[in-house]
Structures are given as structure tokens and as C-alpha cells.
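One structure follows; several queries about it will come next.
A, B, C, D and E label the chains in the order they appear, each numbered from 1.
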């Protein structure tokens, strides 16, 4: 089976997903276990594939044995392998987190939830490792459809949010499809590597610009690039906690990765990517400021985090737009860091709402007593979002600033600095409410009683606390090991021809 | 092998030991004695480790370790050189005194939340040592930011409205400065890839003058906040709402000195004295520092709160260090480095006294302290020693550094700064003398009985008072601060030939 | 339970037509190799015929496949597809490499058989899903 | 000129169809109509692809008998395959969209976007 | 709002018309899609996959993995509908 690692990454979650309704009929525990096992296999396969790719160069896997451009290939290079590892790992953690979260729902809904969740993970994994632009579209749709339903699972508000996301998301997918349609019309190929070879010879400037813009806008909507982020705050803030945790952590990142992949690996020699990236850069800079300011204005923790995501996704876009080595280091590192950090933060927000029913920051008084471990992790993750050492966020921001300085883009430097301070404002606000504010008089008594009961109890079920703490440790570890990650993985993920 | 490994990585252990202590402290939330024992052990251990490096450094060796790579070409590089060791020795030694004092003070005042307090204290010390021993800008920056974060909870520790506001202000100032510093550091990294601190500077000729000027301004802004250079000083008096040990060790020694030490590093080891002259930024900074010295002293005159008065005094005194680095002549540099030491001992004594008075009698304003010299004679004796020293009276420690600064100004051909020093000394007398006078000769309404502070508060302040006297007579006493400072200055100026005076 | 929509005419027509629909669905499936057709089309035809029966006869007709059964059919159908791919992997080929499957015959024929297998899976999957979606959208309770 | 027009008029019509779809998404208030407009876009794109697969004088890409003619004799099968997928995706999306609309209508009793949003904001 | 939309879309239509001139005209035998990749499907399709219907050959074999994705999309849609509509009738906690 070792020879099939690239396929296993996607196939096992997919196959287990489609059989989960049957397993769920037999026993819901069986469905849970098989889902976890599938994601574990995906994780191990990604690790194996990544290792292979690092040792022996990128790994091309031909489906059905047909060589590209006729067949579909999976390409495991350090970048896609690394991202697949990340997606499957976070997928696994969130799955574990979801189990107690869904315990009150009927078994059948649980089954459907796990099925769709696995499909969503499998779709994202497929997007990551594929080397074929049309295959990317198919998997984009799998993950999106699953995500619409999972978001709508959060209640009536979520249904509207999910529907709006469906409209925007499908339009985005259509734009992307049209974009690759143009590429197909110009070259006759759908394979990324083949396209990259054929496109420079194509003399069709207008059509190429249209294709690039369509692809970038299409995927830009999916990654919630400002000003195409309209769907995100509602969707993130009304979906069930595990779903938000997962899609906020990885879904937008995978689209960001796809933009990077297509701009730098497919369109790199055509010159149109540069135009598109310039556009993206300024959009991103505006988005960073907008997202941060909107986040400050929110009282609902979930919405605050959602707007923070808008800003942070723009960090990634900014790094990609810079297009120099440090910028891309920063962007790719930030994909990793933000996935872990924001996933962690949303899981924490979800746990708080699950345990106490509180979403409003102003009611967070004494939260540090109710959930000491969770809030400790929150602080670590918040520091990472702000970009303070030694957490992960610092290093990605450092590379972004380095890239901006190197490119002489002082506007970006100013934006990054301002954004750090704005981020600090809204995260320290939460921390102060949780740690420093005293509850109102009546509540204080009630709290004391609760505390005396809870002192003997673990704050959250272990399967909810464990993912949170693991991600929190991850935030610190990624910070300490950031150079190692760059030297071992990200360095090889740069497009060809770069230093 | 293992011994060698241990010895070679001593700078790392020096940093880590209090981090480990912080974890131990957090794990023993309800066991007070273990918690406090851990603090003390870590303090003594840290001091021992740093002390063990002193002979080697004095002999001209440099102990360095690179446990981790932070960015391509840049490691987490810890290095014990003479300049860093001065600061490291100083803060670790004073941490021992403060730990003892801490235990007494916190038990007397019952603030609550003490686990977090001790843990943050330990982390802050870790990062202070990290700053002292870091061998490149990025390492320094990381510890610098950790220091900011670790001291923020200490500022708002009392959790009153005032304390929280003070914390806010502190955070806003330091985080904003940190970002500017980050930009400056990254720019430096781009201009001179992979460079670590080099005695005499490494930036010369690497970039156009205009760029270097902007960089210098960014560095000044970045370090200036922690070093409380006016007009960036405003957080420091506000931060005095923190418990007194925090003010004593962090707001007189570790945090603010981290900023001042940053100036020393930037002036001596990034730009180099020659380059600062060439780009013409020295006088600018020197005048900024001078203005700070005078204005802060004037402000101190008008403050009634003892701690706030001390805070403004700190603002003024810190600018001596900045002034010394800005004048950038060998003797001025020596004065600057030694003033880090001198001011630390003097000011910690004064803060300890203020804290002891507060913990014993709950008085915090100067006007309330009539006759307190009769009530707490030993404490006030120590306070008097500190005051005399800080004014710059000959044969006390403050004199040594000011003397050097003055000669440094002459050496650089800028005698005008001597006038500043003299004026400042007069003003300092102006705001310390009334305190001493009130304490001994003021008549209070109530009859005061002998009521000395308890031993855990008293002994630390007596020791530091004694040290600030002894160092005045023999600046090399015990820890060889003066020799280390001279060695640091020699290394900086040996590299840049052609400057007046050369070495010492 | 909803009222069925049927009347005598509809009933009779359905009775006559449904067998042909079913046969046509299977034809579209197996003949997909030689002429326009294939799994999706077959699935849609099969699904539509059952939906039609459902619409006209109401739920009381025993072979109006229920939502739960349909989910299982869809699930199993899709799994057949994925499973054949995995089988190819087990026999040493790449994923979906039907050529290595242990059927007798020359490679194109083996591949054709594999293709038929996955088309069957597609048919079941599509038919099941259409029935599910239809049942849900008309709001029929269990 | 005429040949240009005949060669490109398909693209133009497709563009117009697609832009009509976009207009529908942006301009209509009714959520169901938006979904239908989405389908218009997807149909436009499907036709765009199929248009790419056309060859002058070619037949359907099915071998009748085992005789193979020239490549030019058969239409390009790849766009057909791709669009089969796209059609299915469109159907699937529409299905999910309808399911969501079904719930929205059950909950809020309207499908006009402004009304739904107003209700939703006041809904806890 | 509507007028702005119409104006923007009108401009876009010009862009699309302009861009279409870069593409090969409809039914061009020498267009890239007709000359790259697809000839193999037509020439070798039957020999390699045993399917006379080239669309089936591509669908189920050459690009069989896309079709797996497609089936999964449909399956996902079914389950999505189930989750969306079934969860309406959830028991109160």
C-alpha cells in the first residue's frame, strides 16, 4: 500500500464517508471509530507521502495508470504533502472534538454529520494534492456542498447563512470553471504541469487575463479575500462549533493554496499572474485593515473571530502577492500557523458556548475560573494571532514584513504593523474580560456555587479539551520550529526558478 | 561529555532555569511554600550559572550557544560577552534580593493571584537574561517582547480600575514600540543579512546614510519606550500601580534597563560609535536624553506619591545611559554601561524602602511620611544612602558613572553635557532631600513608636544599600562590574580606530 | 401520509410504462459502452421511474423505496465505485487501474468490465440520491 | 468578416447568457430566482465547453463498428465528459439549494432576501 | 443599484467579446482542444479501454477519478439534503 500513499490520502476518507450511512445504521460508535480511523490513515499517508516527496522529489501518481495529460495525476510535492498533512491532522482533531458536541443529537443526524464531515475533509484533501485543474473543481464542489450543509446544521440563522454561502460559493465555482475553460480553449490541456508548459507559447493576452482574473476571483471568493468576504462572518458565526473550527482552520486556506498553486505554478510564465497579484495585494492590504476594524466592533466572540479571519486570510494573500521569497515563506507559513491558531480559537469559542452558552465577550467575566485550561490556550493562540514571539504567528508575520521590506513596499509594512496593533486591541479586550472583569453582584454568588461544584470536575470532556490543548501546544511548537519547517518543507515549495 | 555540554550551554541554562521555575510555580497553585521555594531556588541557580561564566569572560573568552535556528541564517544565539554579562549579573543578583523581598511583601499585603504573579516574575527574569545574553537583534527582540508580555500581568496585578488602566497604557506603548522595533530589526536583517552583534558595529557602509538615519530613528523609538525617553515615558509613572517588588526589580532594573541596554547594544554593536557620528544622529539623541533628564527631574519635584517620584527619577536616570551611548566616546560609553549597574542598586534600594514603608505603615505619599525616620530608622537609613548615591555624591556609586559620563562628554568635545549633569544633580538633590528631611525632622500629629519593617523586607534593602556604598569606593567589588564594563568598551572602540581616545 | 396523486388513467399508464423504464435504465447502463448512455443516465432513469411510482401510487406501494433504503442504496452504490478502485490497488495497480483486476481476457476487455462495474455503482448512487432528494423536497414524513 | 462572425458568435451569445445569469443573481430579490439564475450561469458555461469540443463536419464521438475514421471525424469527447460532471454538480447544487430554501421558507415564511435577512437578524 | 449592475455587466460583455477573439473559432479543426490531448482518446480509446463510446472511455477510464468525484458530489448532495431537512425535526434538548 505504500506505493499508493497519494491516492490513499483522499480515497480512504472518501470511501469510508460513502459507507458511513451503512455503518451508522449498525452502530453510531462504529461510524465514529471508522471516521477517525479513516482520517488517521489519511494523516499517516500524507506524512508518508510528504516524507517521500522530501527525500526523492515530487511524487506523481497516475490514476488508472494513465499518464498525464490524458489521465489525472496527483502531485505530492513538499507543499501539497505538507498541506495535506495539516488538513488531515486538523480534520482528525476536530472530529474528536465533535463527538461530545453532537452527543445530544439523534444518532441518524450524527451519522449524516460524520459522513458529510468526512466528505468535506476528503474534498479539501483532494483539492490539495491534485495536479489537474478540473479535478480541483470537482473536489472543490464536494467540499463546498458538504460545507453548505454542515453550516446549515447550526440552526435557522445558519440556514440563511448557508444558503447565501451556497449562492456565492457556486457562483465562485462557476467563475473558476469558466476560467479553466479559457485555459482549456487556449491549450487543450487540463493538467497543471502541462498547462504551465504550453501557456507561455500561447499568444492570447486578453483571454489569458480574463482566465486569470476569473480564476483568482473565483478562488478569492472561496478564500474570503476582501472585498469578496461577504459570506464569511455569517457563515462562521452561525455554524456548529466543530464545523466552524474546521472550515475556519483549513477551508479558506486550501483555496488560498489553490490560488498560489495556479498563479505560481501554472500561470507563472505568462505575465498575467503578476497583474492579478498586484490587484490581490492591494485588496489584501485593504482587507487587513477592514477586517481588523470590523473585528474590534464586534461583541460576539464568534463574529470577532470571523472578521479576524478575513484579516488574516489577507495576510496570506499579501504574502502571495508580494511574490518574493520571504513573502511566500510568510504566506505559506501563515497558512499553517493560522490554520492551527484559528482552528484552536474557534474550538475554544465553541467550547465556551457549549459549556456556558455565552458568546458575548462582555459576559466573559471570570471565564478564567470556569475554564482555566481553555482560557490559557486562548491566550497563547491570541498572542499568535497578534504576532508576538515566541508563538507561531510572530514568525509568519516576520517573514511577511521581511518580504515587504525587501520589495520596498512600505505601505504593506505600515499595514502589517497597524494590523498587529489592531489585533492586539480586540484580543486583549477578550483576555481582559475573561481574566480581569468582575461579574455583576448577583452573578458572583451564583458563580461561587458553580465553582465549588466544578472544582472537582474536569472543565471540559477530555475529547474536547484534548484537541484544544494539542492545537495550543502546536501554536508554540510551530513558532519554535518555524525555521525548521521553512528549511525542510517550505523552501522546496517555492515555484521553480526562485532562489 | 555531559559536563562539557552543560558548560558550553550555560547561557541557555541561565535563561531556561527560571522558565522551568515558572512551570513549577504554576503547577503548585495552592502550595505556597513550594512555589516560593521554587522562585528562590531559581534565583540562586540563575545567579550561580551566570557567576560561573564570569571568570571566563573576564579572561577574554566568549561563551556562546545556538540551540535553535529562528530564520534562515539567523539563530537563537546566546552569547555571554562582557557587555551582556554586566546586565545579566546585575539582574540575576538583584532577583535573589527581590525574591526574598517579594515573599515578605506579598504575604504582608495579600494581593491574591500570587501563583500567576510569581510565574510572570520568573518569566520576566528569563527574558531579561535572554536580552542580556542575546547575540543578535532577532533573539533580543524575541526576549524583549516576552518581557513585555510577562510584565503586563504584573502591572495590572492589583486588578483595580487604576491598575487595569495602567496595564492598558503599558501595553499600548510597549506593543507599538515593539512593532517599530520589529520593522527596524527586519530592515537591518535585509540590509545586513545574518549579522549578529559585532563590537564596533556592522552597519557601516551597508546602506545609504538616509536609510541608516531612518533605521536609527526606528531603533530609538523602539527601545526608547522601555528606556522611558521623553516623550515616550508616560507609561512608567502609571505602571507604578504595580506591587512594589515589580516596580523595584522590573521598573527600575530589568524592563527599563532592557531598553537602556538595547541602546547600548544598538549604539555599540549595531551602528558603532563611528557610524553614529557619521550619520549625525548622536547629538539628536543626546539632546533628547538631556531634555528627558531635566524635564523628568522637574516633574519629580512636583510629585507627592513616593513611588511616582521615584518613577520620574528613574526616567531621568535612564537617560544618563542613553546620553552616554549618544555621546559615543569611550568614557561616556563606560559611564553608560556602569550607570546601568549603579542606578540599579540605588534605585532598587529606594523602591525597596518605599515598599517596606507601604507594607508596614500603608503610607505612600511623601507628605504623610513625617517622622517616619524615627519609626523605621534602618529603612530610612537605607533610603538616605540611596538618595545620597543617586545625587552623585563622590565616593558613592552614582558618582562613578557620572564622573565617567562627564569626562566622556569632554572627550567627545561636547562639554555642554557636563552642565546638564550638574544641573540634574542639583535637581535630584531637590527632590530627594525633602523626603529625607521630612522623614527625620518632620513632626507628625500622632506619636510614633519604633516599628521597623519585618526581616524579609528589611534585609534585602540593607544589602542593596550597602552594595551601593561599597561599589562607590571599590567599583570592582565582588562581581567585577567595572572591569567587565571596561572590557566591553574596549571591544567596541578597539574595532573602530581613529576615534579620539581609542581604548581606555 | 399524503394523498396519492393518481387516478385510473395515471395508474394504468404507470403500470404499463414502469417496466419499460426500468429495462431502459438497465439498457442505458450496460449499453453505455457502445452508444450514448452510461451510469448517470441510467441512474436518473431508474430513479425517475421509482419517483414516478411514488408520486402516483403514494407510499403505500411496497416497492416505493423509502428514504432510508435509498440512502443505503446510494451509499452502497458510491462505495462500489470507490471499492473497485481500492480493489485495483490491492491487485497491485494504481487506483482505478481496472487492467489489473483478476478477470479473464485481454486488457481492454478487462478494463471494459471494470468500467461496467463502476457504472453500476454510479447508477445505484445516482438513483438512490435522486430518490432521497425527491422524498425530502416533497416533505414526506417517514 | 462573415466567417469571423459565424466563428465567434457562439462565444458572444454564451457571454450574454452568462451575464444574464449574473444579473439575475445580483438583481433579483427572490432567493429561488437567484438559484435559477445560478443555473443559467452554469448552463452558459456548459455550452461554452461543449462549443470548444465542436469540429467542423464531425460526428458524435462513438465508434459504430470497430472501424476508426480520422480524428477529425469525431467530436472531441473530453468536453462532453467534463460537462457531464458539471451538469451533475449543477444538479447537486440545485438540490442542496432547494433543500435549504425549503427550510428557510418553513422557518421564515418568505423567500424575499431582504425580508429573510430582516427576520434572521431579529432571530436569535 | 440595478442600473449600476447593468452598466458593469455591459462593460464586462465587451471584455468577453474582446477575449473571445483570442480563442479559436467554433468548429475549428486546428484549435488547441482538437489537437492536443483529445486525439488520443479518439484514436486509442477503443484499443485501450474497450469502450466504443469515447465519452464513456474518457468518463469511466481515462478520467475515471473525476467521475468518482462526480458520483461523490451527487452522494454529498443527497446527504446534505438529508442533514438539512432532517435536522428540522430535532427533539428539544
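Annotations
Operating definition for what follows: contacts are C-beta pairs under 8 Å (C-beta built on N, C-alpha and C of every residue); 3 or more make two chains touch, one makes a residue touch a chain.
The structure displayed is predicted, hence computed values, not measured ones.
Touch-path distance (fewest steps) from chain D to chain E is 1.
Shared contact partners of chain A and chain B do not exist in this assembly.
Taking A-C and A-D together, the pair of chains sharing more C-beta contacts is A-D.
Of all chains, the one whose mean C-alpha position sits at the greatest distance from that of chain B is C. Here the chain at the heart of the shown protein, by mean C-alpha position, is A.
The distance from the centre of chain B to the centre of chain C, each centre being the mean of the chain's C-alpha atoms, comes to 79 Å.
Chain C and chain D, compared by their mean Cα positions, are separated by 24 Å. Our note on geometry: chain B versus chain D, Cα centroid distance of 70 Å, whole angstroms. Each of the following residues of chain D touches two or more other chains: 18, 22, 52, 62, 78-79, 82, 84-85, 88-89, 92-93, 95-96, 98-100, 102-103.
Annotation for chain C: residues 34-36, 38, 40, 71, 74-75, 78, 82, 85, 95-96, 98, 126, 133, 136-137, 139 touch two or more other chains.
Within chain E, contacts with two or more other chains are made by residues 16, 20-21, 23, 31, 33-34, 37-38, 41, 46, 52-53, 55, 59, 61, 63-70, 72-82, 84-86. Per the contact rule defined earlier, chains pair up in contact as A-B, A-C, A-D, A-E, C-D, C-E, D-E.
Chain D meets chain A in the complex at residues 18, 22, 25, 31, 34-35, 38, 41-42, 45, 48-49, 52, 78-79, 82, 85-86, 89, 92-93, 96-97, 100-101, 103-104, 107-108, 116-117, 120, 123.
Within the complex formed with chain C, the chain D residues making contact are 60, 62, 84, 88, 95, 98-99, 102. On the side of chain E, the complex with chain A involves touching residues 15-16, 18-24, 31-38, 40-41, 61-66, 68-70, 72-73, 75-77, 79-84, 86-87, 90-91, 93. The residues of chain C lying in touch with chain E in their complex are 32-40, 67, 70-71, 74-75, 77-78, 81-82, 85, 95-96, 98, 107-112, 114-115, 118-119, 121-122, 125-126, 128-129, 132-133, 136-137, 139.
Chain A meets chain E in the complex at residues 14, 17-18, 21, 63-64, 66, 69-72, 104-106, 108-109, 112-113, 115-116, 119, 122, 126, 134-135, 138-139, 141-142, 145-146, 148-150, 152-153, 159, 162, 182, 184-190, 198, 204-210.
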